[in-house]
Amino acid sequence: MSGTINFTQAYQRALYESMEADPSVIMLGEDIADEEGGGVFKVTAGLSTKFGAERVRTTPISEQAIVGAAIGASLAGMRPIAEIMLMNFITVAMDQIVNHAAKLRFMSGGQTHVPITIRTRTGAGIGAAGQHSDMLEAWFAHVAGIKVVVPSTPADAVGLLSSCIFDDDPCLFIEDSLTRTVSGPEPDPGHRLPLGKAHVDREGGDVTVIGYGRPLLDTRKIAAKLADEEGISVEIVDLRTVSPWDKETVLNSVAKTGRAVVVHEAPRSFGVGAEVAATIQEELFGQLKAPVLRATSRDVTVPFARILEQEYLYKPADIESAIKSTLK
Amino acid sequence: MSGTINFTQAYQRALYESMEADPSVIMLGEDIADEEGGGVFKVTAGLSTKFGAERVRTTPISEQAIVGAAIGASLAGMRPIAEIMLMNFITVAMDQIVNHAAKLRFMSGGQTHVPITIRTRTGAGIGAAGQHSDMLEAWFAHVAGIKVVVPSTPADAVGLLSSCIFDDDPCLFIEDSLTRTVSGPEPDPGHRLPLGKAHVDREGGDVTVIGYGRPLLDTRKIAAKLADEEGISVEIVDLRTVSPWDKETVLNSVAKTGRAVVVHEAPRSFGVGAEVAATIQEELFGQLKAPVLRATSRDVTVPFARILEQEYLYKPADIESAIKSTLK
Amino acid sequence: MTAAEHYSPSALMDVFRKALFINVVDEKMRGLLKSGGLVAVYYSPRGQEVVAAGMGVHLKPSDYLVTTYRGIHDQLAKGMPLKLLFAEYFAKVTGACKGKGGAMHITHPETGVMVTTGVVGSGLPIANGLAWATQIKKEDRVTLVTFGDGASNIGAFHEALNLASLWKLPVIFMCQNNGYGECTQYSKATPVENISERAAAYGPNLAGVTVNGNDPQAMWEASRDAVARARAGDGPTLLEAKTFRFMGHYFGDPGAYIPKDEYAAAMEKDPMPAIRQAVIESGAASEAEIKELEQEYSAQIDEALKFAADSPAPELEEISRDIYGDAA
Amino acid sequence: MTAAEHYSPSALMDVFRKALFINVVDEKMRGLLKSGGLVAVYYSPRGQEVVAAGMGVHLKPSDYLVTTYRGIHDQLAKGMPLKLLFAEYFAKVTGACKGKGGAMHITHPETGVMVTTGVVGSGLPIANGLAWATQIKKEDRVTLVTFGDGASNIGAFHEALNLASLWKLPVIFMCQNNGYGECTQYSKATPVENISERAAAYGPNLAGVTVNGNDPQAMWEASRDAVARARAGDGPTLLEAKTFRFMGHYFGDPGAYIPKDEYAAAMEKDPMPAIRQAVIESGAASEAEIKELEQEYSAQIDEALKFAADSPAPELEEISRDIYGDAA
């Protein structure tokens, strides 16, 4: 570890290292080549210049064509990375992702597989309103055959995105719009993290907080504060891979603490937290000292006005009070 | 009640009655007019002849255009019913449904609303394999602004579909592929059932089974058998509206029985059952005598071979054993 | 053809008034953004004023408009009240959408502003539905949907044009071809010289026309024809207006991806100085009269901006409203 | 042009052999379905044999094919082994996809059968990806994707053709225009006379050709040209073959929606008697030799069908395999 990098730099590094390591890694998406500015969020800046216009291609605004081309190229032995600029636009490519990418391995009886990575970006809190802010990871988690990955530190972003690219199954990698300039320690070159494995991010004995992505940035601060100020010992489990998720690590932690809070940015109802909570209560009934609680955003379209958008979003205070509720 | 009708007749009746009652009810979808045979499942047979080609229109194979046209017409005061032949094809229309139909009321600050009904059909068990069998209701339940409705009797199908058509919000009405010829008592003319209200389908004191659609047909038989043979008293709560769901009725029932099993056809992980289980444990912690269990299909692409398809599907025996597990 | 259907100095003046109004609004908005008086993502229509104005003069308030995030010129040309528009940009409860939709989702049914979408291409299918309702109700309404050159590459465009042609809908698809989709040059995404050539794919019902969007007369005449065609029930038009986007994709976009000579050439054809000159030359107004008009507009706009700035933010409760129609 | 690039009696014979093989397979399949020897949904290619055969003779095993549920003729023309194909129809573990994909999802990479999709239009974007990989790797491979007339109205068609033209991909889009999409007549869904005219929407890189799919010479030549164009890197072709679907949408479809005179006129142009006659007239084979060929095919097919019928069903464990690559 030589210094710090932010999330944007982390994505850039994983892409750069992967393209350098393997010529079968190719990319496509809107505006991603340097002639078009290297991507509207600059994540792909420099790649087309370095690795050639053949391997890094700007596309028309055609998300079905983007994901379809990634699938086809992957069937022919490539490892394509498709960028879907914002997650709400993935709605036009659901057929390609769900009916095809996720299912071709199974439907072909294992004769083919689809090693694509779909990078997308989303998250509320930037005033982008109803059609540019949705966290839709629960949809994909409900579909067998695709992996859903969300990093919560820049170093994890490097390790997880690299693993997605070299994984033999379709991976959906979700980047957060709000925290792109947040920094953290820089990982070693070639850093990879296993998919499907959760990470005990902080050890603690009183209550387990399970989550992924942005809310864990809040949770880390809350846990430190609660330890300092109130002597509450919070264990944090970072799912890292939302689906298929690492039940074992989660259940081991909750078996120890007896209390659990699930946090995510997506709306509460029918979100990822429901599955985690349902599984915990099923597996650890009788060992739980409190109900499994959820701290999430609200069941409503993301509003435009800042004050309403903040009211929509999960609040750090919600996480804190959920933790304390389990201790009552 | 004069006799019996099957599910197909029930859908037909709701459509017929609604079109007759209100000239703003219009329909569009692939093959739905009589010139094209009245729909591949014959649900719309006779309607274009009776109500005119202007109001019942066959479309090209263009699901985005179908849903979009329904949305637009609804903004102009109509009550369009769009048929999406099978639910897997809804994947190409997700943008129109999720980013637009579900959100326009909120995003317009209530100036507009989208009273459309999307009728679709799905379900495994007919050998239609990976791209023609998926139950995707959990996706839509995770989105605020749209209602998701699934009937479990022909009479309910009449009452719920009619209510969807005359509801002022977008409704997704899901028909089951396998049970279309299953019959039940015929309801009175003009039958309507409230959306958002669950129904205590059978009263019981030992354990509550919560579900919707096809698995309830199995559950009713199991409940009768368990009552007869083992003296187990099962209460069945039919959600009818999967989202927004009727927490109150469910919680009242489970508060009484202290035990709950959630059943659905969709795969288990991140499915509707997760939300129901998570909510119950949260609200009734301490009152539960057993963990909330789920009997669902498996987390895998729907296989083609009959033997595997049956292995994929929830099994009545799973429902029965889940019920008994809660009583141990 | 009646006299009113011929271009004249007074027709030019009508176009100019709307174009100037748009131009002054746009300048004010950019001024505010620069000064920090407004913090928002803003998609400037600078360069596209005459396109919106040339069409707008032919539309009645009862006609429908569907537009995009870059739609402020279309909304103004349609007659959207300034206060409601600005207050929405300012995220105030007095905004048309109560601050919940925001700048990308402006709606105002009273003036026919039915949908503003942030998803590329999604407005076209919805416009068909509005036109379909009009056709069924035999109303005298035209539906105008505007979109960019980039949008012509997405699936919804194709499905919508096909259906509109098939059903001979009273709809105008106005493509504002400003040479770029975000940072991607037209020819890097769209391998056909004129987007209007795409009309050929949908048979004779759909007219395809390309017009110089900087030329008020050409814009006025082409719009007149498209509107007349739709009103007469003769079918839809794909009307491509060639224009340019002087302020980049969003306000603040450095636009480094635009070749300098291309930009300079476009500047030479800037429609605003040209139309001003044409008005003076036609004798419809003198420079002094135009200055007066500018001042009048400026005052109106300032007043509306002040109203917006002074208006209150929505209350927190607003987040719970307009999710479903039957909820509080 | 070399001699082998000219149509000749031996070229006709090549086409005939493939067409006859397809025809005998199709008759056997229909016989089995009628007798109950096979229970499955079957989309007969009866009438479209020469289309697949005329193209198939120009393809190498290493070329890629993407086809649809109505793809058995394409798969056979591509050289897919009979046993693997039939066993998949019979849902047996010896099937190409181990019985997990089924008839609608036939895959066999060894002969280039890369994807068979059940979702209308979804193959086109994937075909682009296969061709893109070929382009990057500078391989000598052509990608053929086949689809119906109905599929030309869905968004994926548009996005795929646009991208293929833009990137000059070595892909052939072969539209088998059989006059119907399910029960909807061509002209009720598609307002353009020839689908090949749609190529004009994508600029000069994309050739658009309509050919009489009943005419072996025309089919052979048009296919030769499209394949040569792709192989030479000169760009994609939209090749429309006009044909007819004699057995309705699926086997058992009563086809009441097809006007009797249309059906009779199509029957007159049935390609199978015509090509047989042409072969005999050309001197390439005598009636007796053809009979012999038929018997030979019939025996091969019977043997493969017996293999399929006698093969075991998949074991239950098969459901847990091929979901993810790294799982058991």
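Observations, loosely collected:
Each chain carries a letter (A, B, C and D) given by its place in the written order, and its residues are counted from 1.
As a convention for this text, a residue touches a chain if its C-beta (ideal position, glycine included) is under 8 Å from a C-beta of that chain, and two chains touch if they have at least 3 such contacts.
What you are looking at is a predicted structure, and each value in this text was computed from that prediction instead of being measured.
Greatest Cα centroid separation from subunit C: this falls to D.
More inter-chain C-beta contacts link the pair A-D than the other of A-D and B-D. Subunit B and subunit C have centres, each the mean of its CA atoms, that are 40 Å apart. Chain centres here are Cα means. That of subunit B falls 37 Å from that of subunit D.
Chain centres here are Cα means. That of subunit A falls 30 Å from that of subunit B. Residue numbers of subunit B whose C-beta contacts span two or more other chains: 59-60, 62-64, 88-89, 91-92, 95, 99, 106-107, 129-131, 144-145, 244, 299-301, 303-304. Along subunit D, residues 97, 99-102, 105, 117, 119, 153-156, 159, 162, 166, 188-190, 323 each make contact with two or more other chains. If you check the complex, the residues on subunit C that touch subunit A are 39-41, 88, 91-92, 97, 99-105, 117-121, 150-151, 153-156, 181-185, 188-190, 256-257, 313-314, 316, 318-320, 323.
For subunit B in complex with subunit C, the touching residues are 26, 54-55, 57, 59-60, 62-65, 67-78, 80, 92, 95-96, 99-100, 104-113, 144-145, 147, 167-169, 196, 244.
Within the complex formed with subunit B, the subunit A residues making contact are 64, 88-89, 91-92, 94-95, 98-99, 102-103, 106-107, 129-131, 136, 138-139, 141-142, 144-145, 243-244, 266-267, 269-275, 277-279, 281-283, 285, 288, 290-294, 299-301, 303-304.
Across the complex, subunit C is touched by residues 30-31, 35-37, 40, 58-64, 88-89, 91-92, 127-132, 298-301, 303-308, 311-312 of subunit A.
Of all residues in subunit D, only 153-159, 162, 165-166, 188-193, 197-198, 200-206 touch subunit C in the complex they form.
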